[in-house]
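Below: a set of structures, written as structure tokens.
Two complexes, one shared chain (chain A), two partners (chain B, chain C).
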Partner chain A sequence: MSDLLSGLIQESISGIALGCIYALIALGFTLIYKATEVVNFAQGEIMMVGAYVNFFFVTQFAGMVGGLNGWVFLAALFCSTIFAVLFGIVLDLIISRPLKDEPVFSIIMATISLAIILRSLTAMIAGPISLVPVSPFGDSTIKVGGIVISVLDLAIIISAIILMGIFFFFFNKTRWGIAMKATSEDSEAAQLMGIPVKNVYRMVWVFAAIVGIISGVLLAPRMALLDTTMSYLGLKAFPAAILGGFGSIPGAVVGGIILGIIETVSMGTLSFHFEWIKEINDIIVWIVLIAVLMIRPDGLFGIAKVKRV
Partner chain B sequence: MIKGRFDDENLKWIPVLIIVVFLFPFLLKSATFSYKYYLYILNIAGIYIILTVGLDILSGFTGLMSLGHAAFLAIGAYTSAILVDQVGLPFELSLIITPIIVGLFGFVIGFPALRIEGMYLGLTTMGFGFIVKRLIIAFREWTGGSGGLHVSKATFFGITINNDWDNYFMIYTFAILAIIIARRIVKSKLGRAFMAIRDSEQAAQASGINLAKYKMMSFFISGMFAGFAGVLFAHTSHFISTDHFDILLSILFIVMVLVGGVGSIYGAVLGTLFIVLMENMFIPLFEDGMSQFVHLEAGDFQVFIFGLIMLIFIIFQPLGLYGMWLKTRIYWKIFPFNPRKRFT
Partner chain C sequence: MKRIVSIIIMTAFIWMGCENKSTSPGVSDTEILIGNIQDLSGPIKELGLLIPAGTNMYLDYINSQGGVHGRQIKMLVEDHGYNPQKAVVAAKKLIEKDQVFCLYNVIGTSPAEAIRPILEESGVPLIAPATNSSSMSDMSRQAAEYIFHTDAGYDLQTRVLIDYIIDKNPDAKIGIAYQDDDYGENALKGCAEAEGNHGITVQKESFQRGATDFVGQTMNFMKGGCTDVIIGGIVREPVTIMKTAQAIGYKAQFYGLGPTVDPRVGMLAGEAGEGFIAAYWANYPNSDDSGPTLYRQLSEQNNVPEKMRGLYHYYGFATAHVLVEGLMKAGKYPTRERLMKGLETLHDWDSGVFPPITYSRNDHAGVESVILLQLQGGKQVAITDWRE
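For the complex of A and B:
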């Protein structure tokens, strides 16, 4: 029985790491949704682009230095972040500006088309061969009382916490953060108060791109192979956001972690004990999604919306 | 959507069009030797037309989004395959029973639609697509799992439908029927209720439309069309596997409706023809040209072009091909006296 328990704990930690990545992706589109009311279906693809770009920079720098070391990864992360800023500005120009007052249906379809464009473009540029991602921590693990934790998972959890801390600080303490909050509350009123709403929108897209690309950088070493199916993980972040309550930032984090744990645990220990779980463990997040939407559509942290006529 | 001043219906050309549709294969046969390939492509288009017309009733007229229509197609195809080959029902009976079964599935998915809307509904139907795909693999005693399933040929009142030539006539008979039925639905009380729901749910409710009933009805009808397409798909392609009913196919259906023009039945037909012909005839040509410069994996370039087409249509031409046609028609009707800035 202790075997089962330690297995569960071990997988829960791995699940928290996966959940942190879901939470980061969910954070990305929650940011955009809150400010511009655009639901960005391409967040998973932004993450995938991030993983590829980071891989590209890592191999380039490693070629220049002549080997992998910590600085290579840091420099690659830095360059990827700069790329993310540019990427966010471009996305704002393509998606957000022309579709500002369109109905929800067209905006969703626009982001879906952006998603398939990004995915196929990445596949075309990167070529048909799947790449093997490199991890800055290798396969090293820590053992705490019979529970084996991989350093990579720990690093993911820590960097996710740092990133979320930065966002929390930014949103609540800085001038721009408060401007963003005001814009998401009521964009017209914000404009009347002298907030440059267009710049705020651009800023939001840039932030979403940064979050997406960093989540890609973090996720890539967890994958066995780097290929475009990675972007489907981005779709799984939607159930996470809805579980937490769409549009709520703490909700996105909590929902992401819960789903990460559910998924990892059902895939690991439980599937050895219950045969039938094996059949459903890759659709379990969707079952959770439909259940949440049927029972409590506003999620755990969401506030019930009042319809205005 | 567009309801121009000249939207009076001219039904005279419809019999002509039907005759042209049925004479087309003979024309094609005399024109090229590879007519069988073109017929094969047109058959796919015909099956998809049945589905997208149904999807248009759901998305274009009722305003409910579905990203899971490939799942309905899959349920239809597998149900019919199981009913005909394993249970032993005749094909004609399956043609009636299967759409009803798929419609009931639509009913089930329509149930959450009463409480949720917009992108939540899109996600629910997308999740439904994933779940259906996985469940088809899970029930592998009947469905053959991920290996796929061979399906028998259709026999229609004693006539065996053998090849693409026969398929063409069967599929397009049903496609034309589907278009006519969809037109009748849209012009009826039911269709007006759907449009009222699309335009404003509150106003519709206030004028006495039972939202729950009509939303479920819309899902049921759309599911029935998809199920019908599924039956034809299974029995004309003879082999079905879950790989075909991907999320990408669901998105492609939406692209078809969108490119054709949301909220018009003819638009859905036009969009489907446009996309299927693009997919199978023009893009391979481009791909050959491109492959001299970059190495391409099959399908990537195609998907890229579809994404681009969709984005361009959403941004610049939200009314689609049918909307473009209406605009040009109105433009030429009042030709010398066009007011400026009328068609923006």
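For the complex of A and C:
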């Protein structure tokens, strides 16, 4: 295999893993948007809370059994998921429910406030010193034909695919999923048709919290050090959601992965062969985004909505 | 005639006496008030906890021994959240409302740069701005006469590292990974100097602050055939790059600038970090020099938690030595003017925490040499003398 090709594949795999994290955050945006037409700007912060909560459980359980092992990580993941369910219910109670019939703009402002509050609360509770998250897979890697894949990256990719699959199935094939879609279309009509809109809203917040928390659990070991700046990655996932088409689950996945690959390949092979790419590395994602939106204004998988006036 | 002479002499004595006893704001009979601006809520709030804690440990030690000329030193800490505008507001508050005697340790290049106009307007000195950027000791810039820098610049650190590499192996192919901001810019300045001196070209790869993926950059160093790679990062960058290199089977000698001396680099990188060389500009916390020995002793006495000890806590402790020395030199009746003049008399001053420091009217640069530390068996060991 030529150096160029193997380099590109190596970078792309890393990019896909990074992209899957973006995709999971974008999925969080998408789930809430799909049902409520609200953009939740606190999704990155929910992810950060997930990383911290999981860290807490891992340390507690490791303390109890006197060391780290696979069960500790599984138990911590289980507890973190239960936490996510409760967290989602609380978020629904404090953000979504009181503001249900208010303008979308007010709810978006509330999510921005929530983001700031979550960041500060986490820093207050966990203290400002960075934590050192442990990967359940250590530094282990597998080698396939000269390409090295870290087991952690592989786990990220597989978890993302499973989660995406579950939600895609849920939204398209189950009664609750269709109810959610109907609610997003027209919440009043949905309510009149007997759909328990409040329960639907609660469910999407719970789902978004689960996705957020799991993305935090997966991303933390990739960061070497865990601090509250992790939440800023939420903003990076935002263009992924737009690129894929806001509100589309496959769109979130594809958008996230495309951005992840662009990021690693532009920093790597492209920069190596074209010196000028280095100058535009930090804006290249936005250039691609604008280019895609010029051709497809609703994103890659977005469906153009025509509103009658 | 005799009468006139004695009147002149007496007037002179009274004038001198008044002059000596006139003091500045922030100085009472029992206390000297110092203002510190840290990031307590922004991206480096960790440092905002550790650095002032280290400083207070040393100030408490000095205060317990009677303080400076009988006055206790008290430090007020304001927050700028790494926002230059907030740094300006905080500096104004400290100077105008709290009436501090001087500023100390304002953290971050951009916040410290932003308060230059206030220093000039108020005549308040800034001792030991907490940034490795050499722009702080550039005497051609605004308010430079009020700023006394301690840290050796990233440019110097980079240049010394390249000199070291070329000394060892004149055919070395060097790469540098730099952060896409003023930290990286300052490192590239030193890199350009070294390129000129040695007639070499260094392969440069950038990364964004907060990046988690370095596969592209590491692959590029490998493709470029780099034998020696300098990482201008903090903790995550050297750890991830070295681990990535190990995973893809790329062997090179890795180096880091000041912030990578953090012991967490060795802890997190494990085997991949063995042999990592970092440039440092103070007597490192584990050494047997008098400053680090006192540091360890005070840390024990004060029961400083293990997770707080290390690079940044030590940094606060170390830079406080310059502050205290300046206050000593300012005399029994300190003014801001006397503080600055006093510091400018320091010549090859051995603080125990830094290599000898010299300040003069035209040189406020502080430490101008670097020592190289290598991770050997997970421990940092000095492998060179001080290099300039």
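Heads up, the rule we're going with is that the second predicted complex is superposed on the first by the 279 of 309 C-alpha atoms of A that agree within 3 Å, B and C clash if a C-alpha of one lies under 4 Å from a C-alpha of the other, contacts with A are read in each partner's own complex, and residues count from 1 in each chain.
Throughout what follows, a residue touches a chain if its C-beta (ideal position, glycine included) is under 8 Å from a C-beta of that chain, and two chains touch if they have at least 3 such contacts.
What you are looking at is a predicted structure, and each value in this text was computed from that prediction instead of being measured.
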Would you sort A:Leu18 into first (chain B), second (chain C), both or neither based on which partner it touches?
second
With both complexes superposed on chain A, which partner does A:Ala123 reach: first (chain B), second (chain C), both or neither?
both
Could you look at A:Ile290 and tell me whether it touches chain B, chain C, both or neither (first, second, both, neither)?
first
Please indicate which partner A:Pro221 is in contact with in the superposed arrangement: first for chain B, second for chain C, both, or neither.
neither
Contacts for A:Leu114 in the overlay, against chain B (first) and chain C (second): which applies, first, second, both or neither?
first
Thinking of the overlay built on chain A, is A:Gly212 touched by chain B (first), by chain C (second), by both, or by neither?
neither
In the overlaid three-chain picture, which partner chain does A:Glu102 touch, first (chain B) or second (chain C), both, or neither?
first
Quick one: classify A:Asp282 as touching chain B (first), chain C (second), both or neither.
both
In chain A, both chain B and chain C touch residues 120, 123, 127-128, 282
Quick one: which bits of chain C touch chain A in the complex? Just the residue numbers, please.
40-41, 43, 45-46, 48-50, 180, 204-208, 210, 212-213, 215-217, 219-220, 223-224, 235-236, 239-240, 243, 246-249, 264, 267-268, 270, 272, 307-308
Spell out the residues on chain A that touch chain B in their complex, using ranges where they run on.
39, 94, 98-99, 102, 104-106, 108-110, 112-117, 119-121, 123-124, 127-128, 235, 238-239, 242, 246, 279-280, 282-283, 286-287, 289-290, 293-294, 297, 307, 309
Can you check the complex and tell me which residues of chain A touch chain C?
3, 7, 10-11, 14-15, 18, 120, 123, 127-130, 132, 139, 141, 148, 150, 219, 222-225, 227-229, 232-233, 263-269, 271-272, 278, 281-282
Parts of chain B lying in touch with chain A, wherever the complex brings them together:
59, 63, 65, 111-112, 115-116, 118-120, 122-124, 126-128, 130-131, 134, 137-138, 202, 248, 251, 254-255, 258, 262, 294-297, 299-304, 306-308, 310-311, 314-315, 318
